[in-house]
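Shared between the two complexes below is chain A, which has chain B as its partner in the first and chain C in the second.
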Partner chain A sequence: MRTIVGLISGGADIGRTRVFWIGFGVIILLFLLYPTQTSAFRVANVSFYLLNIPLGLGMALLWGYGGVLSFGHVAYFGIAGYVYGIVAGNMSENAFGPLAGVAAGLLASAFVAGIFGYFVFYARVQKWIIPILTLVLTLLLETFLGQTAGYQWRIGSVLLGGYNGMTGIPWFQLGGFVFEGYSFYYLCLFVVLACYFSLRMLVNSNFGQVIVAIREDELRTELLGYDIRARQWVVFVLSAVLAGLSGLLYVQWGNYITPSQVGLLQAALPVIWAAVGGTTSLLAVVISTFTLNWVTYTLSAQGNQYAMVIIGALLVVTMLFFPRGIVVMVAERLGRFRTRRTAPSQP
Partner chain B sequence: MDVLPLVLSLLYQFATSAAFFFLAALGLVVILGMMNIINLAHGELMMIGAYTATLTVHAGVPFWLSVILGFFVAAAFGAVLELLIVRRFYGRELGALVVTWGVSLVLGQGTLLFFGPFLPSIKIPGGSFSYGVFSFSDYWLILVLVSLLLILGLWWLYNRTLYGLQAKATMQNPEMARSLGVRTPRIYTLTFSLGAGLAGLSGALLAPTVTIAPFMGQQFVAPAFITVVVGGAANVIVGAVASSALLAAVKTPIGMAFGAFSGTVALLFAALIIIRIMPNGISAALQKYFIRRAGGAAR
Partner chain C sequence: MELTAVIETRSLNKRFGGVVAADNVNFKVMHGEFRCMIGPNGAGKSTLFAMLCGIQSADSGQIFFFGQDVTRTQAFQRVRLGVGLTFQTNRAFHQLSVRENLTIPQASAKLENKEAGQARLEFALDAFGLDPNDETKAAELSHNQLQWLEIAMVLVGYPNLILLDEPTAGMAAEETQQTAKVLKHLNSTGLTTVVVEHDMAFVKDVAQVVTVLHQGRIFAEGTVTKITAHEDVRKIYLGRA
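Presenting the complex of A and B:
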């Protein structure tokens, strides 16, 4: 127990003070009580903002801590979503079909990422090649899924559906209990918290420190005796599984998925969440993912055509003026203010 | 069936798809090779060239002139982009990638809002002729020719002009170049602008063969980036030429036998296998080979 607390409160993320943890607890309490205060529609919207967080966390882990940038993590999001749709759709009579779908979806994401990661990390390619190849992979996936209209693209009883997408994907259920509406909201909240705390433990662990060391200096880390290729590969697969987790929740939330979920516009989003929040902090990315999803969803729900222009411009502004991320830089400013006031003698 | 028409047809397909890869990647490789920056707004710069060409052709300008206009409009865009944004990201490769992606989102969405979802396309100049059972398009043959001329032109630019000399000096050792009186910031602006202009030129040249839409740049993104990754950054012009030829040699037979999509998938696998064997791309492998041969001959 003590090691767990030690790992969570280690130095690899922002927010370590008592005040922070009290605030964190209050916010979680508010999220737990939220469904009792509002309509089912709003709860479903907030579920959507929450379910994207694992994807954002995967980006933060890979890019911020690992120093490897992927533009194609929506590919793993889409693979998990489609595989869940195929497996759970074919086992709709079985009460444990969705669970099998979840397992198959995550395995499929990990499998594709594993093969892809083997080629790029074991070839020790230059830094700029990985983002480009990941982007190409997701574009190809979109093209492939787009041409799967028609009855020849039927797997069991499920149609892939081309650009119309796959519809009628079942809810998640465990035995007789179906997660929909309020229970789905709590499922999302649970998954997000579980991902956040386990990643926070991971980045504070020995493994996490080696990952950061690889980001800082590959050669030096290797000379200290670490196999950097294997560690980068593990981080890549892990972040792909996190993206897959978001994909699973997404199809369970909306019961459908279309190829544009793995297209160029969607591929930009996780990168933007991570950059705006600040890639070197998991918590910052959680905050920015939630907020940006809220903003884009609200804007586009109002029929605002400028949503993507605003988001793209936000990315450019962040990269120009807040290179370490808006949330991280605000947090640092707050932290400095606090230290100056409470402990002026400290350097 | 005669063998000669079939061979000619294969050769034609090979040459046209090599020309397509080369044109799609051209602007990207100039910027990557000289400045070590991947410009993810490349597709949108091609889109700007294509839009310029399309709008001016519809306004009555002859096609060849509108292609040149496409070059200059995209080059002007590139210069502004470099001065305002890209300038701050030298030496930060991943930062440059991300910021140019933001730019591409804004440009693509902005075009959608400003010009609507598509423009009426322009028809392919020139006719076609047939030989045996196959028919060939004049315009694609012209594109092959233009690609060859562009290769020669770039060679001339980088080996026979003052700009080329200063650009190469800046690339090899910016500090030394500065102390010898080269204004390196201006070289960077010119190079980025040249790369953007070449992207616009390619976009304008390919405009008659594709649908003119705000996100038309996306279809060039995958082939352009695969070409660049396979070619590598050691000598980008040689790399781009060699990898265009190689990728066309992969795509032509597979695309013919199994359809266009399988051809594109084969490209990704070819790229993955090639970088597994030659992590720095074809150009680095070629360079190493020639250096070794030259060394052997000297001994």
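Presenting the complex of A and C:
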């Protein structure tokens, strides 16, 4: 237990003081109470902001901590979503069909990422090429899914649906309990917290430290006796599974998915979320993913055509004025302020 | 002292286009030795070092560590046999803290050497004035502290052999002497040490055997006295004066 607490409160993420944890607890409490204070529509919207967080966390882990930028992690989001739709859709009479769909979706994401990652990392592909390769993969997937219109692209009783996408994807359910509306909101909240705390433990463990060491200097790390290819591969697959988790929640939330979910625009979003928050902090990416999804959704819902232009402009502002990410740099400033305030006065 | 070869190369060759970087190198270091490799720029020291590390592959020939053929193994697998390496340019993790620099190598430590390895590590940390709980960013350390930190990082892995490429480069005389003192003590505990070095005062202080490389070949080999007295070595490397 002490080890778990030690790992969670370790120095690999921002927020370690008592005040921080009290604030963290209060915010979680507010999230828990939120559905009692608002409409089902708003709860569904907040579920959407929450369900993207595992994808953002995957980016933080891979890019911020591991130093590998993937521009195509939405591929694993889409693979998990489609596979869930196929499996759960074909097992719609079975109360455990959605659970089988979840397992199949996550396995499919891990499998594709495993094969792709194997060729990338074991061939020691240079880091700057990896974003291009990952982007190519997701664009290929989009192109493939886009041409799956028609009855011939039917798997069991489920139609892939081409650019119109797959519809009628079942809710998630465990036995007789269906997660929809409020219960789905709590499911998303639980998944986000579980992912966040697990990753916080991971990045504070020796494994996490070695991942950061690889980011800092691959050769030095290898010559300390670590198989950096294997470690990078594990991180890549893990981050793909996190993306897959978001994909699963997405299709369970909206009951549909289209190829545009693995397209260029969507591919850029997790990169923006991570960059704006600050890739080197899990918490920063949680905050930025939630906030940017809220901003995008709100602007789009109000009929603003320029939601993505605004998000893009935000990325430019971040790059220019907050190169380490807005949340990270604000947290650093607050930390410095606190240190200065509590520092003993000079004689 | 056991009479086993810790490092052995057999007919090692490496060419870069028309340049011969290693020409039939048969290099052997015995257990417990303190060996220094010297030679003028371009003599092939760094190439031999890189081939021993596994960063570069040889065109032909074989490399053995502790009697085991490692010619085709990956760099990290060689390290796991109990080899510690530092580079010519400092490669401690500058953006991480001293503590993190010293904990990262722990998971790959050679645990069968724990007793001797821990004693060596503690001696080096103490002599170098490094605190394993220090949260200072490595980038804030002075040059010599960074060099020392990298040596300490290598010792965290409890190695049987350390290969150091110019460990005293850029150090003042006093710091060089301190480094020599620590390395000599570590060697006296049975840690085989191979150092590539330019500083002849340092080499004279520490080396039991000196290998002189010239144009990719082992030009001469022997005790410091023998090498410094060697007429041709003086001509190519030490100067006639």
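Rule of thumb we're sticking to: the second predicted complex is superposed on the first by the 343 of 347 C-alpha atoms of A that agree within 3 Å, B and C clash if a C-alpha of one lies under 4 Å from a C-alpha of the other, contacts with A are read in each partner's own complex, and residues count from 1 in each chain.
The rule is short, and it goes like this: a residue touches a chain if its C-beta (ideal position, glycine included) is under 8 Å from a C-beta of that chain, and two chains touch if they have at least 3 such contacts.
A quick note: this is a predicted structure, and the numbers were derived from the prediction, not measured.
When the shared chain is aligned, chain B comes close enough to touch A:V271, but chain C does not.
Using the contact criterion defined above for the overlaid structures, shared-chain residue A:V136 touches chain B, although it does not reach chain C.
Of the two partner chains, neither chain B nor chain C is touched by A:V19.
Touching more residues of chain A than its counterpart among chain B and chain C is B. When both complexes are overlaid on chain A, the residue A:D217 reaches chain C alone and has no touch with chain B. Contacts of A:Q209 after superposition on the shared chain: chain C is touched, whereas chain B is not.
By the touch criterion defined above, A:Y226 reaches chain C but does not reach chain B. Shared contact residues of chain A, touching chain B in one structure and chain C in the other, are absent.
Across the complex, chain A meets chain B through its residues 63, 69, 71, 116, 119-120, 122-129, 131-133, 135-137, 139-140, 143-144, 147, 264-265, 268, 271-272, 275, 305-306, 308-309, 311-316, 319-320, 323.
Within the complex formed with chain A, the chain C residues making contact are 53, 55, 74-76, 79-80, 85, 87, 91-96, 100, 103-108, 135, 153-154, 157.
Chain A contributes residues 11, 206-207, 209-210, 212-213, 216-217, 219-228 to its touches with chain C in the complex. The part of chain B that touches chain A in the complex is made up of residues 38, 85, 88-89, 93-95, 97-99, 101-106, 109-110, 112-113, 215, 218, 221-222, 225-226, 228-229, 233, 261, 264-265, 268, 271-273, 275-276, 279-280.
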